[in-house]
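Labels run A, B, C and D following the written order; every chain starts at residue 1.
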Amino acid sequence: MKRIGILTSGGDAPGMNAAIRAVTRTAISHGLEVFGIRYGFAGLVAGDFSPLTAEDVDHTINLGGTILYSARYPEMAQEEVQQKAVEQLKKHGIDAVIVIGGDGSYHGALALTRHGINSIGLPGTIDNDIPYTDYTIGYDTACETAMDAIDKIRDTASSHHRVFVVNVMGRECGDIAMRVGVASGADAIVIPERPYDVKEIAESLKRSFAKGKDHGIIVLAEGAMSADKFKDELLKYGDFDARANVLAHMQRGGRPTVEDRVNATKMGNYAVKLLLEGKGGLAVGFENNELSTHDILDLFDGKHEGDYALLDLNKDMTK
Amino acid sequence: MKRIGILTSGGDAPGMNAAIRAVTRTAISHGLEVFGIRYGFAGLVAGDFSPLTAEDVDHTINLGGTILYSARYPEMAQEEVQQKAVEQLKKHGIDAVIVIGGDGSYHGALALTRHGINSIGLPGTIDNDIPYTDYTIGYDTACETAMDAIDKIRDTASSHHRVFVVNVMGRECGDIAMRVGVASGADAIVIPERPYDVKEIAESLKRSFAKGKDHGIIVLAEGAMSADKFKDELLKYGDFDARANVLAHMQRGGRPTVEDRVNATKMGNYAVKLLLEGKGGLAVGFENNELSTHDILDLFDGKHEGDYALLDLNKDMTK
Amino acid sequence: MKRIGILTSGGDAPGMNAAIRAVTRTAISHGLEVFGIRYGFAGLVAGDFSPLTAEDVDHTINLGGTILYSARYPEMAQEEVQQKAVEQLKKHGIDAVIVIGGDGSYHGALALTRHGINSIGLPGTIDNDIPYTDYTIGYDTACETAMDAIDKIRDTASSHHRVFVVNVMGRECGDIAMRVGVASGADAIVIPERPYDVKEIAESLKRSFAKGKDHGIIVLAEGAMSADKFKDELLKYGDFDARANVLAHMQRGGRPTVEDRVNATKMGNYAVKLLLEGKGGLAVGFENNELSTHDILDLFDGKHEGDYALLDLNKDMTK
Amino acid sequence: MKRIGILTSGGDAPGMNAAIRAVTRTAISHGLEVFGIRYGFAGLVAGDFSPLTAEDVDHTINLGGTILYSARYPEMAQEEVQQKAVEQLKKHGIDAVIVIGGDGSYHGALALTRHGINSIGLPGTIDNDIPYTDYTIGYDTACETAMDAIDKIRDTASSHHRVFVVNVMGRECGDIAMRVGVASGADAIVIPERPYDVKEIAESLKRSFAKGKDHGIIVLAEGAMSADKFKDELLKYGDFDARANVLAHMQRGGRPTVEDRVNATKMGNYAVKLLLEGKGGLAVGFENNELSTHDILDLFDGKHEGDYALLDLNKDMTK
């Protein structure tokens, strides 16, 4: 193996650049060449490649987004498209590829491996919804951004004795909502993976106001319900003032936190070492704070398990 | 004059606490007593008063929201309600009142003055929409919060070559949009006070993408159009990917900036000095960086003039 | 057990308030009463106690510092002082105590337990230097604050092609330096637990500048050497411009991160549950992301093990 | 005039990149070409020039530091060096130059103008110490950074009932100290331009502690005294615990605030327009919120006047 490629795929996430930097620097320090592939699998098939030096990734560890750009590219599921990708890689002398992205991107990584190009997948998504890992690159920054916003919203909620229903990202996964909810001192956390009772939440808010609390915060995972609808439901049972708030895309960007930079650096470094050992078709994760790998195939049957004990913890905080 | 009251009214804004602190400390250092009136004019009429000491406002200069709470209270327009307010003030020996709030709150301050209770109005609103002042308390923090959010959104816009239409607050006033638009390097700024041409904006975005720009940001004042509608209009003329984003209530909260803390402190200090000079019925402002006063009456006929040269400035940045 | 006490001891750390809140809310939700003990063990002996309600800890999860204040109190090592403490607790009907603080505070917690007052210790220090735990309350926020400062310093380092030697906190422990060093893309990380070679670091910086890098950052743990001395040593071998920078006490304060709020909440909740099970003399930690306990006695012989693999990881980033 | 040059000189300041961007975009939109001159006057003499396009300054408005790098270059005072600079400019067809920097850089700008190359100076320094302007590029961001740090320091000061003497930048100018002092609710502000009485400050702190205040903050301009010395002086008169803290170089970097981005954009835009009118030898400023110009010559005799009323204002806050 002399030359490896790296690409980012799916939604961008803070820390992707730290991972690109780690891959680049580690590979070069082990005598490999690195090519950046722009626009994910679309760029791979189109041959949008350019060499990455150690200097090219200077001043990138602190940047949100991805310097390699990203794109969704469902065409990669087709056999003939995969073959085109492999041809492009061979033409450029690239022996192996590291793919950073959400669950969709693992299919591409597996396809490349099956065509003889060893590929390693790194979990790059703010949603923390990948099986067999407790952590995905960008998750911590997204939580921090959401919490900062809620800290601000709480000021105005308190000044006016209002309830805010704050929709946070995460697609079908409630991890951002749970962690941000606990960190924000939310009155309730609503996620798609667990049942919830809007009436009970409204009653609990009424009790809080009666005891003198000056505001209410509901952290709502986007996969559970729309913020507007939830607010309307809530107002059926409560006589308080309530507003809906959708934090949206700001959660995807911004300077990555220490946690995301360090973890992305560890993962990028590890991925190169796996390639150096001749491995491919693997997904890297963190389990109980340790780097781990699983066959990508296993991920397709697997299911991400959130830390649902956070829901009980939060209930102890709001009784 | 021995005892003054202070209240916050209308939407809360970062820096209101700095103004409350400045009023309290200045008054006490000039031998006056201070009473905090909670929940704005509603609390004034209900007699929700309590003394404020210099120590009570410790650790508040850095807090968003208002420690006196706020409320909208249209009933204050009624003569009999105003009389009740005056009775409450007399009952508590309060000779004068400082009111911090948006344009609605000036009516209450004028009514009190007319009933013999000298009152001074301070412009407390993030919207910067008050006549005869270049600045309102909270405006700078709201701009900073909006710009921070757009800096994050730009990361994801760039990673995906997307256009974001970002709705910022300001009601019918475009000041937040203009200042944040320039600071964010927006491709276009849309405000209700000036005409705009969606087609022209779409064409300009297309030219930018053609020249290699990797993203587009439109900063849209909430008073101009909804973000969703603007995005839909835009997509009639452009073939790019576009998303709508509403920053909403987080702009109202958060730790105030240096500018808001210093200006609020100056204004609160000045308001007490005006009362000590026996003045009432005045609105305090900043004009060309200097503290100024106007009869509150003049404000009702006046019109806030934004710095519309910012629109031309921004065009020079995007041609 | 009907009534428990809580105190913070030693240096303050962001997240202590989240832990106090969690202890208070959990205890109350399980039918216990909670007393806040101010000024650590000094206040315990002086009887500076007051009841804490669920409402008292509203609006505290987001505050740095400790609402219970802290103090160093070496007198607590004396038997007669310990007896006085126990008398105070008995007088107030307090059956058990939760102590949040650095390693010094564990001695006090153990002494109380030996005198029949079950006590649980929570690791509250930014230094991350407690045995048998991978994490201490405040560590993440301190790292984030240090990294933010270094991100700013890097701007000016780059503009002037300078090297900055940045001293970060941690006493004899290099954990902050290692994590912040990796996250900041430092050219070198210097900690007291491992040997380092100033000449080699200087040579490596010269090579970087020769390859076109525009700045250098050394992250130096305070326990290793003073920043000034290190800078002077460095300049013996390098002809570049170098400055020393000490981040100091700002690392101890500030709004806690998501990580610190969530972990402090988990730990505070867990500590109450341990007391409810009749346990005492235990130190709570996180090991491999799981809550764990150890006899406090074991901590005195134990040694905190840092994640020294971060040093090798960083070398792969700078070769 | 067909082609202009731009350089940054002296210490870097946040917002310099916004000014570079504004100069570049404005010039191009008016049909001019722009050359970036790297490393200030040193690069000017060495001919370190490269063309700047509108795209080159994309993604720079939000960056601290200066993408053109900076350097101190006292040699520029020599006539023969100035002639060399002029030769380089003529060789590259550059007709006029915009210089962004501190007071030293105005000498270079004037020298160029005298040699027939119209030059305009923009005040780029965090210190706010330039005559005939109320504002310099970077001043607002530096104040914000210092205030943020002090907000964090206050947490630990309060937890331990300590006094912190915090040294902020500004060289011989007290503007940062005054504005940050008011914004931080400092107990005292010490600047080199006005007398101060350490004993009186100590007495006032003692009175505050006696009244129940839990901390003390002194904001000290670096030009007044060293923080360590001030702390030692203070402890001669007070029996409290006090620490010295030097914020140092982090104040020079970081993402610029809204204020700095907007003002730098206005100034860069205005400088190009002055050149288009055939003007040179001018320094741009903001006076009472309006763009203004003065002959650079006048600056050498002028003296920056700070807003010293802030000292009295702060006294009203601490009596």
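Keep this in mind: a contact is a pair of C-beta atoms (placed from the backbone, for glycine too) under 8 Å apart; a residue touches a chain by one contact, two chains touch by 3 or more.
Chain labels with UniProt names: A, B, C, D = ATP-dependent 6-phosphofructokinase.
A quick note: this is a predicted structure, and the numbers were derived from the prediction, not measured.
Participant: Chain by chain, through touching neighbours only, how many steps does the shortest route from chain A to chain D take?
Facilitator: Steps on the shortest route: 2.
Participant: Which chain has its C-alpha centre farthest away from the C-alpha centre of chain D?
Facilitator: A
Participant: How big is the gap, in whole Å, between where the Cα atoms of chain A centre and where those of chain C centre?
Facilitator: 28
Participant: Find the geometric centre of each of chain B and chain C from their Cα atoms only, then give the gap between the two centres in Å, rounded to an integer.
Facilitator: 39
Participant: Roughly how far is chain C from chain D, centre to centre by C-alpha average, rounded to an integer in Å?
Facilitator: 35
Participant: Among the residues of chain D, which ones contact at least 2 other chains?
Facilitator: Those would be 151, 154, 158, 214.
Participant: Would you identify the shape of the chain contact graph, picking one of line, ring, star, complete or other?
Facilitator: Drawn as a graph, the chains make one closed cycle, so a ring.
Participant: State which pairs of chains touch, listing all of them.
Facilitator: Between chains, contact exists in these pairs: A-B, A-C, B-D, C-D.
Participant: So in the complex, the part of chain D that touches chain C is made up of which residues?
Facilitator: 8, 11-12, 14, 63-66, 69-71, 145, 149, 151-156, 158-161, 164, 214, 243, 245-254
Participant: Would you pull the chain B residues touching chain D in the complex into a rising list?
Facilitator: 21-22, 25-26, 28-29, 54-55, 58-59, 61-62, 134, 140, 143-144, 147, 151, 154, 158, 179-180, 182-185, 211-214, 255, 257-259, 261-262, 265-266, 269, 288-290, 310, 313, 316-319
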